[in-house]
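Which chain is which? They are A, B, C, D, E and F, in the order written, and residues in each are numbered from 1.
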Amino acid sequence: MRWDVVGFGEAMLRLAVPTGERLETTKQLEVGIGGAEANVLIALARLGRRTAWSSVLPRNTLGERIARELAWHGVDTSLIHWTDEGRVGVYFLDVGVPPRPTVVLYDRAGSVVAHVDPLVFPVEWVSESRWLHATGITPALSSGCRAVLARLVERACQSGVGVSFDVNYRSRLWSPEEAARTLEWFCRQATVLLCGEDDARLLWGLSGDGEAVAHALSTRFGAAMTVVTRGEHGAVATTADGRTVIVPGRAATVVDRVGAGDAFAAGFLHGYLDTGDVERGLQYGVALAALKLTVRGDLAIVTAEELESAVAAARRTILR
Amino acid sequence: MRWDVVGFGEAMLRLAVPTGERLETTKQLEVGIGGAEANVLIALARLGRRTAWSSVLPRNTLGERIARELAWHGVDTSLIHWTDEGRVGVYFLDVGVPPRPTVVLYDRAGSVVAHVDPLVFPVEWVSESRWLHATGITPALSSGCRAVLARLVERACQSGVGVSFDVNYRSRLWSPEEAARTLEWFCRQATVLLCGEDDARLLWGLSGDGEAVAHALSTRFGAAMTVVTRGEHGAVATTADGRTVIVPGRAATVVDRVGAGDAFAAGFLHGYLDTGDVERGLQYGVALAALKLTVRGDLAIVTAEELESAVAAARRTILR
Amino acid sequence: MRWDVVGFGEAMLRLAVPTGERLETTKQLEVGIGGAEANVLIALARLGRRTAWSSVLPRNTLGERIARELAWHGVDTSLIHWTDEGRVGVYFLDVGVPPRPTVVLYDRAGSVVAHVDPLVFPVEWVSESRWLHATGITPALSSGCRAVLARLVERACQSGVGVSFDVNYRSRLWSPEEAARTLEWFCRQATVLLCGEDDARLLWGLSGDGEAVAHALSTRFGAAMTVVTRGEHGAVATTADGRTVIVPGRAATVVDRVGAGDAFAAGFLHGYLDTGDVERGLQYGVALAALKLTVRGDLAIVTAEELESAVAAARRTILR
Amino acid sequence: MRWDVVGFGEAMLRLAVPTGERLETTKQLEVGIGGAEANVLIALARLGRRTAWSSVLPRNTLGERIARELAWHGVDTSLIHWTDEGRVGVYFLDVGVPPRPTVVLYDRAGSVVAHVDPLVFPVEWVSESRWLHATGITPALSSGCRAVLARLVERACQSGVGVSFDVNYRSRLWSPEEAARTLEWFCRQATVLLCGEDDARLLWGLSGDGEAVAHALSTRFGAAMTVVTRGEHGAVATTADGRTVIVPGRAATVVDRVGAGDAFAAGFLHGYLDTGDVERGLQYGVALAALKLTVRGDLAIVTAEELESAVAAARRTILR
Amino acid sequence: MRWDVVGFGEAMLRLAVPTGERLETTKQLEVGIGGAEANVLIALARLGRRTAWSSVLPRNTLGERIARELAWHGVDTSLIHWTDEGRVGVYFLDVGVPPRPTVVLYDRAGSVVAHVDPLVFPVEWVSESRWLHATGITPALSSGCRAVLARLVERACQSGVGVSFDVNYRSRLWSPEEAARTLEWFCRQATVLLCGEDDARLLWGLSGDGEAVAHALSTRFGAAMTVVTRGEHGAVATTADGRTVIVPGRAATVVDRVGAGDAFAAGFLHGYLDTGDVERGLQYGVALAALKLTVRGDLAIVTAEELESAVAAARRTILR
Amino acid sequence: MRWDVVGFGEAMLRLAVPTGERLETTKQLEVGIGGAEANVLIALARLGRRTAWSSVLPRNTLGERIARELAWHGVDTSLIHWTDEGRVGVYFLDVGVPPRPTVVLYDRAGSVVAHVDPLVFPVEWVSESRWLHATGITPALSSGCRAVLARLVERACQSGVGVSFDVNYRSRLWSPEEAARTLEWFCRQATVLLCGEDDARLLWGLSGDGEAVAHALSTRFGAAMTVVTRGEHGAVATTADGRTVIVPGRAATVVDRVGAGDAFAAGFLHGYLDTGDVERGLQYGVALAALKLTVRGDLAIVTAEELESAVAAARRTILR
């Protein structure tokens, strides 16, 4: 196997307002990159996994910046398709402090990846990986993105490559109805289905405690493993055979919320992949998400050693 | 009516130490402006109200900076009186983090507005507004400022313009005795009297819970509406006919405390002015104050939309 | 007359790399705004002229930021048309230091002003101004922009409003041929035609010294006043009756080149408008451009007093 | 007496990552200095005590920076021995936010003070002070440092100079066994012995509540005063005659943890020295440590006035 | 002798705009201190001279900051008189880049030193120094300052202490006529008289080349040594017996002009004091001024070694 | 061939003072990396060459930072040998502005690469590259480094791999005599010998104009190509058969001098390698060095496109 985990999606330029400032008046923006799949693959690469990210980028300074940042963190960027024209998406982050919410101003319409041609975009590389990580953002970007992702998932399933699918509903991109309809198919293909509590309610009207939601999703989509994330309240997983594991959340001083869900997904995969141990997966997911909250930027710039001791510390403080 | 709310007072240059630094050793100061009345009028203008600020400023870069910042936020600056000589006041903020208090080093003595000549300074413009907002800081600046404000309040009362008066005792400017004596008259003229719990105790020896203090102030000064602010504990209002409304405070991660009281006043007026609904006033006041605490600077750089959703969120979490 | 000078065009968010850094690796971007017409109107407003800027902006934080910055500098923003949807253009500036050129990465395609509907967009306000300033960028943005500008110029000519037209060829927006063809009509309507030496060569193949170029442009388009700008080498003006005035350039330590041409245009109009004195116009233009070069950002943040003494200083050092 | 308190040890260049950034990716480091003894002496000098710091520094810019910073805060630097060669130690601080711990990357091996020659380094100056403050870090640096400190302590005891010894175990410098063996002698000489709860467990296997640990240490080493620090839980002191005083911790918003222990030691000495009042010592120690937590850097940049009001405020909120 | 050079005057808080920004719009100000005499004494202390600065400062954070910064650089601050009330002067620097001049906005009226009481302020300490450095700014601050400086100069002359007097005319403080009248006496007492070419013209109408001006000043005031500074053109000195030495200026990339004149004075004294060698004095003065131009802030943060090699380099490039 | 160019040497953490600040007083340091061979390989990788860097790094955050930065720019880091212990070298840059020189404070003694064991360190990889770039710094670090480099050069020569050797004398590391003696052998093996004019004088007493120095070096060491760099005056190359090519320097606004020599070497190799065209090599070298001067940091963060147009622009302005 050439890679442990691969993914396809969009990465954007992230322009964030310094803490306490507002986008309307700030004189400085902090520059970074972000994108759900890229965030997960970067976090995994930093933890020692071989990962590769596939996407489309324009051959300009911003496109190169995105690719180089992935390379810094150790992600293989050879799958990127480069174009002469087109733009990268940009998002402006008015980073909030409670009770003021973080406001995201997306300027991603017409980004180059949305124009991807699904008929010619290569997908065979997915067979060279142990695992494919996908999110519900990519199908929302364009019909081309949707088709490419569907082909990747299909091929992964055919080749015995595991698929994790993180629902990740984005209300600025489509309606809950449209999302529910489109994502249904993807959810059904997933080996591991990840879904936030709020998304389960918005898309499929599922409510109740985390456990109930996990069971409902498990029943509905039949994933081998269904994981419901509950923000600061931790996460719940249900296996296809009905076993449930609950891991509580961890208190953290929040420096930057954005990317915490992706850090959870990366931590879960890191803890789960080699062992198939769900509890371990949840523990790593919760710990990596908590560490991510303390770092500016979308990325979980965390070492394997830091993650291990955070998990160990959490184990010491949990009574069973 | 030309304006919704007008005010007269001092605005100063605000020079703030970055979080965690001290004034003694910092190499950088963050530049802004602030002043009780200006803060209120700016917040209201941002929420869509037509406001104007009257003051005296010198024709130098710092004077112009103050006026231009008001214009940025939409406050009408045509009432400012410009002089060839004189200085603007400056205050240095050693922004604290609990348990270290914020320390303010005022350098406002001899600022140009303190030299205002009450005999020639125009006041007739107050009749063109629905409302006059005044604070207890202005009478403390000089006898000239006191006289101008008295003339404005008088004229407002004669013209049927509503008057809100925020006691705002400043111990660096005068003693509690002198303040109590001087502010008595202003408090008696107010349609809406705003007073912090601590100020009520220091100036008039009023103690007890917020409700008791509100009643005592109401009895003493006879305002149509008396509002007692209690910091993180919320606010209490008593109408002249003895009805009392209590709104609890809101938890907030404090980035900068300065200006929160002014944000409360602005929020209160915004919620109260059109409807005469006291509870709505308190809710908007508490919400805007909480949002202000999350923003660096004296100013409540908050949109009407953000305020509305903060109020709505608070309503959802309050049991009655 | 309600205004001295008005204009219509696009203003964008300007994101600039700190000096010595590169866009690929910088962690910070400096935020500002810029746009040829807006730059000119801001500079003129700061010098005491009543100016107004017309454009289309989306009702989001970036749209409001642009409008508020214009208000800070004193430009009337009541002509702006606000939309619920759409984006503002963005440009990234990799600010150069010789011999490294400044690189501009435009991300302006699909900005909201390009979608302007010329049939419904109001133009009658141009008659309330003494002068209209237009540039060759606006017709390049979209057919809608071209049509709006044409209607404005037409109406200005009908109402006796003076028109300055700054050619401002942008190679990223269209080819020299298309620009030459389209701008021909606008150049013919101009009372004052401004054109950079390089643009004259690229669009109309005019070469030779500045004087020759000015004469050729004057002959071709017949403007009452034709001004050729020559960067650090100053500027040349030719009147319709063939009189030529030359003003040499001024040495400046370059902090930021962007916006210097707009500062020249503003300075020229400021010096020329009241007196019709060409030499005075050129002197003010050259001086304001030189001062602009010393300030970060597109905008000539310069006071009337500073401009006057720069002009006076230049006069003292020029031998005739 | 020439000085109130003196000390000998290492001060290093402190290079700290901005909050929310990581050492791996940050583009900026904040520069300061730090060192256990220097931190204590600086805090005491700022509170009005005459203090002097003895050490070895190289005559280069970094050595001079360390000495000048001590002079800024009022510490006498005339005891520093200057060398032509050698380096200052450096430590990189990846400042943490819970649950991410602060990570210190020391680069102090081979620093100039470790090469001190104990046979020629002067120690007689200790007799000119009322008090000597020493820590368990210095003996860990080199055999030379250990010998110099031993000679200083010996001479202090002979001259009736009080000695405070803060155990301060550093796991990156030596093993618990080696530290326990070496520090034994120093602990026995101390008039005031300060020890963190964790260090007591690691070095001497002492556990139980703070009081039990304090008694055990008191019995073992026989100091006139034994103080056990318990981080956010406050501190406990036991006198040689078995009297115990407990002072609870103070809540603080943590900006920077590093140096809080040294601030405690300085506060304790400041409160204790003139009066011999243990409770006062603990109160000042706890208050100064809490204030230090709110300031970036190793140093307790706090005024005597701020410390007094923090102590007074704490007294008001403690029920007995 | 206790000190090599002493001085009396005002030091202010210096708040400077970052390069390329303007005071009207900057969000950040760089904090420093400055004052003609303090600048000279700091530069000399850094070069190894024992210096002391006398002044009046208020016991607040800004006053302490000024004193501590002097201590950092090694100046003895024990002569400072501390008051409970009063303010320090502040100046705002809109740092210019050619052709935009640096604009200074002084806010120094009513600073505490201006209220000095000349009858009680001690002056006897001047006898303990080899040299007194005075400037023409101090007599302009108030009659009290003038009287204190006069008493210091008198006592210096009586005690055989050398006096350097730097004319330093400040047009914002007084008219040329008043300055010329008042400074006459001081100039006559000076052992070394320093005067800028422009000041000589403005105050005493002296023009011609530097040599002619130096002779005229020498004749008029009779100083043992008269030095005329000519900015980038270097300096000229004339001894009482008519010998003239000319040293050309040095090219420098200007980072910050403010304080260059004070650096010249410090360099001159450093080169001249021990040897009485005028040429050496001028060389050190010119070199230190050039080095100062490359450093942000009023202060010549330069080491003796750097100054020596700059002087040596200049000697190598001068043909005689 | 696996790589175009490879190299072995030390890369350090670079901590630079912001322009106009001094190391003694700055509160911020800019973080980067640098090292002669790494700088060259990074520049070449950015221009599209396949390069690899061999060295020893400790497995800590600073070691990883260095490797990741190389990966960002596209250099293959698989040849790095990782150790559990040891430190990376650090250098502090007091960036100068004329006439103040840049001061480098090295803290590189005992860095991990100096402890390399030449008997076990692998060198066979050099045969997989077209070219080896070496510098005279590496042999100065330790006998181990010298031996490793000698083995690499030997193997390169045996395998027909071209060798460029840049003399790069560092006076802080060894004396001219020792350097001349040691480097003699390396110079004799070089296919391309690069040497600065100053180094040729200091090490081998060669003076005269650049051409004379190049001939003397060529005669002495017999390299196929000898290149003498002359800073702002350009460069001269002499082939073994006595043909000489001279390329003049290029004016540049200097933002940061450090790394310009390495940029020259990289540019030379880039222009020379495929064509063997000396003049082209010199032109690319001079152009890349000039572009590097405009960028903060050791690295030539320049695109191939920017280099090509700089070379083209230079060709247009050179008369032959």
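Side notes on the structure shown:
Just so we're on the same page, contacts are C-beta pairs under 8 Å (C-beta built on N, C-alpha and C of every residue); 3 or more make two chains touch, one makes a residue touch a chain.
Predicted model, so just to flag it, every value in this text is computed and none were measured.
In terms of C-beta pairs in contact, the better-connected of the chain pairs D-E and D-F is D-F. Centroid analysis (C-alpha atoms only) places E farthest from chain A.
Greatest centre-to-centre distance from chain F is found for B, with centres as Cα means.
For the touching copies chain B and chain E, the fraction of interface residue numbers used by both exceeds half; the interface is of the same-residue type. Just one of B-C, A-C or A-D has an interface built like that of B-D, with over half of its contact pairs in common by residue number: A-D. Per the C-alpha superposition, chain B sits rotated 180 degrees relative to chain F, a value rounded to a multiple of 5. Inter-chain centre distance (chain E to chain F, centres taken as mean C-alpha positions): 45 Å. The geometric centre of chain A is 62 Å away from that of chain E, both derived from CA atoms. Along chain F, residues 19, 22, 24-25, 27, 61, 68, 72, 103 each make contact with two or more other chains. Across the interface of their complex, chain F is touched by residues 68-69, 71-74, 303 of chain A.
Residues 19-22, 24-25, 96-100, 103 of chain D are the ones that touch chain A when the two sit in their complex.
Partner chain C is touched in their complex by these residues of chain F: 19, 72, 250-253, 255-256, 290-291, 294-296, 301-302, 306, 310, 313.
Note for the complex: chain D touches chain F at residues 15, 22-32, 60-62, 64-65, 68, 87, 90, 92, 94, 103, 105, 107, 109-110.
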